[in-house]
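In the two complexes that follow, subunit A is the common piece, with subunit B as its partner first and subunit C second.
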Partner chain A sequence: MSNPFAGWVWNGGTIAFFLISLVVVFAAVMLLQFRKVMYMALSIGLVFLGMAGLYILLNADFLAFAQILIYAGAITILMLFAVMLTRHDEVEDPPLRDPKKWLTALGCLALGAAMLWTIRNTPWSSPPAQPPWPVQKNVAAIAETLFTGYAVPFELVSVLLTVALVGAVILARKEG
Partner chain B sequence: MPFFQWVNDALTWGTLFRMLLGGIIVLLFLLGVVAYMLYFERKIIGWMQLRIGPNRVGPLGLFQSIADVLKLLAKEDIVPAQADRPLFLIAPIIAFVPSFVVIAAIPWTASHPFTADISVALLYYLALSSITILGIMLGGWASNNKYSLLGGMRSAAQMISYEIPLGMSLLGVILMAGSLNIVDIVEAQRRFMWFIIPQFLGFCVFIVAATAELNRTPFDLPEAESELVAGYHTEYSGFRFAFYMLAEYLYVFAISCLGAALFFGGWSGPLLPGWLWFAIKVSAFIFFFFWLRATMPRIRVDQLMTFSWKVLLPLALVNIVLTSVIKYWVNAG
Partner chain C sequence: MAPVGSFLALAAVLFCIGLYGALTKRNIIIVLLSVELMLNAANLNLAAFARMGIAPGIAGQIFGLFSMTVAAAEVAVGLAILIALYRNRNSTDVRDMDLMKW
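Right after this comes the complex of A and B.
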């Protein structure tokens, strides 16, 4: 087995990658650990935020801030609103002690090991030294693709969203 | 700028030191700005109401805000017995951090050592400022107090609703400049003209939505003293209360910077150096917000949402359509 870190350059980006990944994994584990609905909503917000950090490291600035705006901002707030307007101090029951859990844990470990083995043994083509377009041209490139090559699917998605919005309004409207 | 090239450089102690130094300088500068904004707000409102305002601490009362901040920092940090302790403790921090982070996108001068050259700076500003709403809402919920909860909910609903016209009003400027980068937008205005003239409708929507987004009079319903005691920060005291106040005033400063950069040509202007022009324009914006607070009554809660969705949003959409049609027409003909 070769040194897994061969070829790594220890620059700010690499260190940021490990820190952000740790935060994302930590927040995801805490989401499963917490019993209060409010805390769960908050830790999923932290996961979304960490994902945005990973996108920035991949030079996808537009995607990263769209992720923060929509997921970490709007969707988390929507969840908090939903929790507050229903049972805002909802607490989940503590998990049952079940011997089958050990089997599940074993299964998860085996899956993880299999994935790690496959990833380590796949001959990845080395990535290009430079991203296909400079970061500053990211937004323009996305817009060109969206409004020339994929104009029809894009419009169909917006129609779908409008239909969902109108449907929600009709469902929420009072009878009579 | 080399200052912000740390992602691809080797992380040496020198780079780390420069990063920390830049952050600390900007933080200290902003603390000074907020302290004197508070002072001038009290002076200006006092002047408009034929009072004197703070005049005891130091010459002309200049040290009043510093004394206030020291008092807040020295105060006991009270957590209500029935509050949700961990959330109560971190909510002010969640509200404050984004307000400081958004400042990174503001271009102070033509050569800007403290500005992150982000290609999507406007999106960055809008996205991060929406995280503050989370902090405000959580603070209101964790206090376990009906006034706090109501204030937090009102605040969140208001800020979300007005964020949409705010973002839409900026789209006209983005269309004209062809970029989301604030530095590019300022450069585009230097070549053409200040965007306040071709984007007057967009500017009107921007200034109204910004006032509402800042929870300031006439849109200060979340903190309506006569109805809600103090809104979401009713239970907060000491330095956690200071964090909320700091976040609020930092956003006043940040949105003034944004307005000055997007509609009034940022640092560009004749004779005087760039940073001074920028400071003058930002101060004019801040004065405008204080002036509004001294003269306007509070809007009614049932008119608030209707106004955002039925007046501001359609106006912003009309502005976008007009701008794109005219731009297409000019480019084609």
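Right after this comes the complex of A and C.
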């Protein structure tokens, strides 16, 4: 049995990774465990915030702030709105009462085990000490790449957002 | 710095939790939230490979930004469908929405 922590550099970033991933996995499990829909929506907000912390650990500052603004801000609040607009006193069935849920849980566990086994047995290159972009200029690097190499996808995404906006208005509009 | 495999493992765990939630939860809002969790796990993979994959570079973060935008559009349309369904069926239970079930 080889040392599972071979090649790890123990510094603040590693400890922060462990703490944040603990919080994220805990909040994700609570999402499954809570029975009130309101609590579920709030616990996924915690997951999104933890993911933003992981992005900061990965030197992806802009992605982290976009995560906080879009996911933890907009999407969680939209979901809370949806909960309040529908039946917000609704409760889920207690977990794992139904035998079909056991089968689903087994399938998900098998998929997770297969993925973890693959990750464990793949030789990964050791992480470079410095990210390939200037650390303090993450936003500038993203902007430069986005508006030179990815200008066409950027425009297409703006078209997609417009279409989604119009589609959402048409779908949610009252008939007649 | 934790190696790339630990980030991938965390993303895999989150993906499986999201998959389980999407398959078993009864409330359609929670199903949407679980799908968001799965999308987020994929985003974490993109950011991890951008920082310390075989060919690290800023492109992974750009892919992550695009998938976040698509996720936002998906939530907007999904919630609109949800509100329209709630208005017609007066329910948020996925079991009541079997109109297209064969």
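As a convention for this text, the second predicted complex is superposed on the first by the 147 of 176 C-alpha atoms of A that agree within 3 Å, B and C clash if a C-alpha of one lies under 4 Å from a C-alpha of the other, contacts with A are read in each partner's own complex, and residues count from 1 in each chain.
In this text, a residue touches a chain if its C-beta (ideal position, glycine included) is under 8 Å from a C-beta of that chain, and two chains touch if they have at least 3 such contacts.
Values in this document were obtained by computation on a predicted structure and should not be read as measured data.
Enquirer: Will subunit C clash with subunit B on subunit A after the two structures are superposed, or do they fit?
Expert: fit
Enquirer: For the overlaid complexes, name the partner, subunit B or subunit C, with more touching residues on subunit A.
Expert: When the residues of subunit A touched by each partner are counted, C comes out ahead.
Enquirer: Does the superposition put A:L42 against subunit B (first), subunit C (second), both, or neither?
Expert: After superposing on A, A:L42 lies in contact with subunit B but is clear of subunit C.
Enquirer: On the A-aligned overlay, A:A66 touches which partner chain: subunit B = first, subunit C = second, or both, or neither?
Expert: It touches subunit B and subunit C both.
Enquirer: Using the touch definition from the top, say if A:M79 reaches subunit B (first), subunit C (second), both or neither.
Expert: second
Enquirer: What is the contact status of A:V139 with respect to subunit B (first) and subunit C (second): first, second, both, or neither?
Expert: First partner only.
Enquirer: By the touch definition at the top of the document, which applies to A:G13: first (subunit B), second (subunit C), both, or neither?
Expert: After superposing on A, A:G13 lies in contact with both subunit B and subunit C.
Enquirer: Quick one: classify A:G112 as touching subunit B (first), subunit C (second), both or neither.
Expert: Only subunit C; A:G112 stays clear of subunit B.
Enquirer: Looking at A:T148, would you say it contacts subunit B, subunit C, both, or neither? Reply first, second, both or neither.
Expert: The answer is neither, since A:T148 touches no partner chain.
Enquirer: Give me, in Å and rounded to a whole number, the least C-alpha distance separating subunit B from subunit C in the superposition.
Expert: Minimum C-alpha separation, subunit B to subunit C: 8 Å.
Enquirer: Shared contact residues on subunit A, subunit B side and subunit C side combined as an intersection?
Expert: Shared contact residues on subunit A (touching subunit B in one complex, subunit C in the other): 9, 11, 13, 57, 62, 66, 74, 81, 138.
Enquirer: State the interface residues of subunit A toward subunit C in the complex, per the touch definition above.
Expert: 7-9, 11, 13-14, 17-18, 21, 24-25, 28-29, 31-32, 37, 40-41, 44, 47-48, 51, 54-55, 57-60, 62-63, 66-67, 70-71, 74-75, 78-79, 81-83, 85-87, 90, 92-93, 95, 98, 101, 104-105, 108-109, 111-112, 115-116, 119-120, 122, 124-129, 131-133, 138, 141-142, 145-146, 149-150, 153, 157, 160-161, 163-165, 167-169, 171-172, 174
Enquirer: Subunit A touches which residues of subunit B in the complex?
Expert: 6-11, 15, 84, 87, 118-120, 123-124, 126-128, 130-131, 133-134, 137-138, 141, 149, 153, 156, 160, 179-181
Enquirer: In the complex formed with subunit A, which residues of subunit C make contact?
Expert: 1-10, 12-21, 23-27, 29-30, 32-34, 36-37, 40, 43-44, 47-48, 50-54, 56-59, 61-62, 64-66, 68-77, 79-84, 86-87, 91-92
Enquirer: Give the list of subunit A residues in touch with subunit B in this complex.
Expert: Going by the criterion above, the answer is residues 9-13, 15-16, 38-39, 42, 45, 49, 57, 61-62, 65-66, 68-69, 72-74, 76-77, 80-81, 84, 88, 135-139.
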